[in-house]
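Notes follow once the structure below has been shown.
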């Protein structure tokens, strides 16, 4: 039996749950789980349900559209594995963790390929028989480098781009081409330590906790909607390299948890925030 | 405008959300937030909503009863401050934290009185003008002691009994008299270190984390439904008294968080577990 | 028997532990616990020991001074309760927590008095028989207000000033008058959300964790050496007021832990960081 | 320049630090970092230092032995990569994490081989060119199975055996053959949920936190000295399989942290506890 996810976002008004549940009930749909949230500030309503059964998605969508507010965005899709491309640079921990989960069948996604600005991680990808493209950035402008990366990406139907410690800043054009589809892991608890070498920044500031943040990428560096964060304790005995080493475990787990949420379609992006069911 | 909480527990079947939302919609009720959960093992459905407005609770309940499964337990009540009695022994941190929150208006409850088997905390309660009853246990059997405590309790209409480090074990009779109304804080992450002096047990076992657990009390010591838990790190340098001191901060925060959930009626007890919306 | 704390800070060189332990051994001192750290960047050596016994502190210090590098700062003091003044504004949770711990004998300090720019917390302090001074800021310049506060403080011998949610920014002159003696609790995990209303900032940024930071105060707002930090998880359902409420438990515990470390003389301030033994 | 670790355990008495530092100073040794701890209950003294330079270990040890209490155990060894064998069953997350860290040069150990009671993880090990031995347990008594495993292990010089989710209970004989050399990861915060399927036990108990524990193995199941523990929050929506999935990230990180501590020789085992510097 197929499984579907229904996601609705619209202006809030009385009776929305009643209207949605009426349509679903009249179509004899079995709701496995539903969640809703109203953002009081923007007066927006968010709804997600997992549905079971033989579903005429087009019919259900039309019927829902007919009763919901005119600004309603309604998505009803069969749950399938996402198709992803991973961008990485030199560090292996996040990429390796994804490859391992993919290998053991725990990742709800197909890895189409890995693209990197270095050749460093090729051997690792080859171990797992994952296609690897190196696009060296030497002697290339940022735009030219991105162009070559995009040429590779254009060969694939991509649901999500995962930046698994990809250490280059993406241009506005690049980000726009994959709007709300790029997930990054940043090695600090944002908004602290935006930008380069956050562990060094953390060390210099003398913080007692360090962390990692997975977020969607938008046009402002490290400022997109946050999906997941976690932290660990550090102390004065740790150099910034010690912090970096300890932080890697946090980075890979936070990214992994974020990907699970994204691939399971449990997230709404609203303004610069996420609503996670 | 009054605020109400609707809580429903029944056998799961198709269309329950539809049926509930139809009744609420037809009565023009504004649902502020609703949550639902289906326990797949027992096939039970749990629903909670916060409602706003002028409500004829009796009418709504009847209409819901008419459409819900016959085993449905339906509670629809105006949100009011709970009336609580606190039982304590000698340690002041949990009691003091509750008194402070009560004093600053953050506690969603009225403290009717404090009952203790020692006179130690009388001065603290008097500072906050809270009635204090000492029931010494010396020369009394457990049953006789409880009888005298119950005599005091019987003078009050009690929604919840809060055991704020009350270091006596309650008899089955006592617990039955306040079924699902007694909240205890245990100074370990249950089910580890049930019983006496869990910090000493933790020290002896050499654990690297200690914790606290707030739970409803049932007839098995420290085995009732868990509401909230938290932990902190410890190391070999800490004696069991150091752990006890560090643990007190965890205990009072875990108890406080649990009381917020209970007083806000966000909890269902199901078998030996809690479902928390 | 008296207890002493010995703290040494100096340039690093070979044999420092040997030299220190020789002096202590030849004076038949019992070292209960010693800790050392070398900061590789600045090549500074830090040492702390708890000593037991009848100690001629002046003699020991001279002997140590004779063998240590010329830049050595050596402190050897009997462990005594610190004398503190608390500055607060309107929120009671941090102040109340300190008053409770003081009341139960768990605070390693005497509270000389509480000074506030509002009268709000007077009743609370009076419950605990702690002197309370209100210095209203209405119609006063910052400098004039501080002057009146300082006039009060000048009546006391103060080891530490504790800012228990004191919501006014201190001038450079004020801070200089109590250098390395002012401890503040900031309601965010610094350096995120410096300045006003960090919970609102956190809500607007859509973070998934919020926190609190206890730090020494220097001349840059919220940028002094960090003593302790902790965080809790939050989600999209929480308004900034919900976050504020949840955060209060973190604030008071982080401040309390920091005060324990300070009062126990376990901290070195080095540049803009703390070294905590 | 070589790096050494000096570890001393003996009865506590006055002047031990003086005596140790005198020997080290007279041998012109550069102490990079030293740590000490006295266990007040057993009156034992523990000391660890990292030393730098050209060291005549035999000479230093003799000189230390001459001045330390007669029960002193003194270990002074060059820091080298440990040689380890990993035992696993079917789950890949802990093994895979170790293989990845080994592959990227972050593991302070050589993996001699992997031994499993199933063939499931062979492909993964082959990806990383790590020798894999399957010892099926079908039709074999526990003793016979262990005998065959031991026959394989006997071919190697093993510093540590890592049980990376090895789901078989080891006999007393097996454990004795590798005393204080076997590290296990248990999928609960011990001592809660000893034995089989702790996630199911945790689910049934309705706990709000689950965790993992890395510990040395002794003759009592899951009761050896604890090295590292960590937890994550769970809620009523999670089935035991969801908890298991979420817990895997904790398991692998806790095991990894424990191995770092072990391979870096930062641990003393004392009675049933660890002292970690």
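A, B, C and D are the chain letters, set down in written order, and residue numbers restart from 1 in every chain.
As a working rule, contacts are C-beta pairs under 8 Å (C-beta built on N, C-alpha and C of every residue); 3 or more make two chains touch, one makes a residue touch a chain.
Bear in mind the structure is a predicted one, so any value in this text is a computation, not a measurement.
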Common contacts of chain A and chain D, by label, are B, C
Chain copies touching (chain B, chain D) - same or different residues, decided at half shared: same
Between A-C and A-B, more contacting C-beta pairs sit at A-C
Quick one: report the Å distance separating chain A from chain B, using the average Cα coordinate of each chain. 37
Report the inter-chain centroid distance for chain A and chain C in whole angstrom, where each centroid is the mean of the CA atoms. 40
Which residues of chain B are in contact with two or more other chains? 37
In their shared complex, chain B is touched by residues of chain C numbered 92-93, 96-97, 100, 103-104, 106, 124, 127-128, 245, 249, 253, 256-257
Taking the complex as given, what residues does chain C use to touch chain A? 37, 39-40, 189-193, 205-209, 211, 225-231, 235-237, 239, 272-276
Tell me, which parts of chain C touch chain D in their complex? 14-15, 17-18, 21-22, 24-25, 28, 30-38, 233
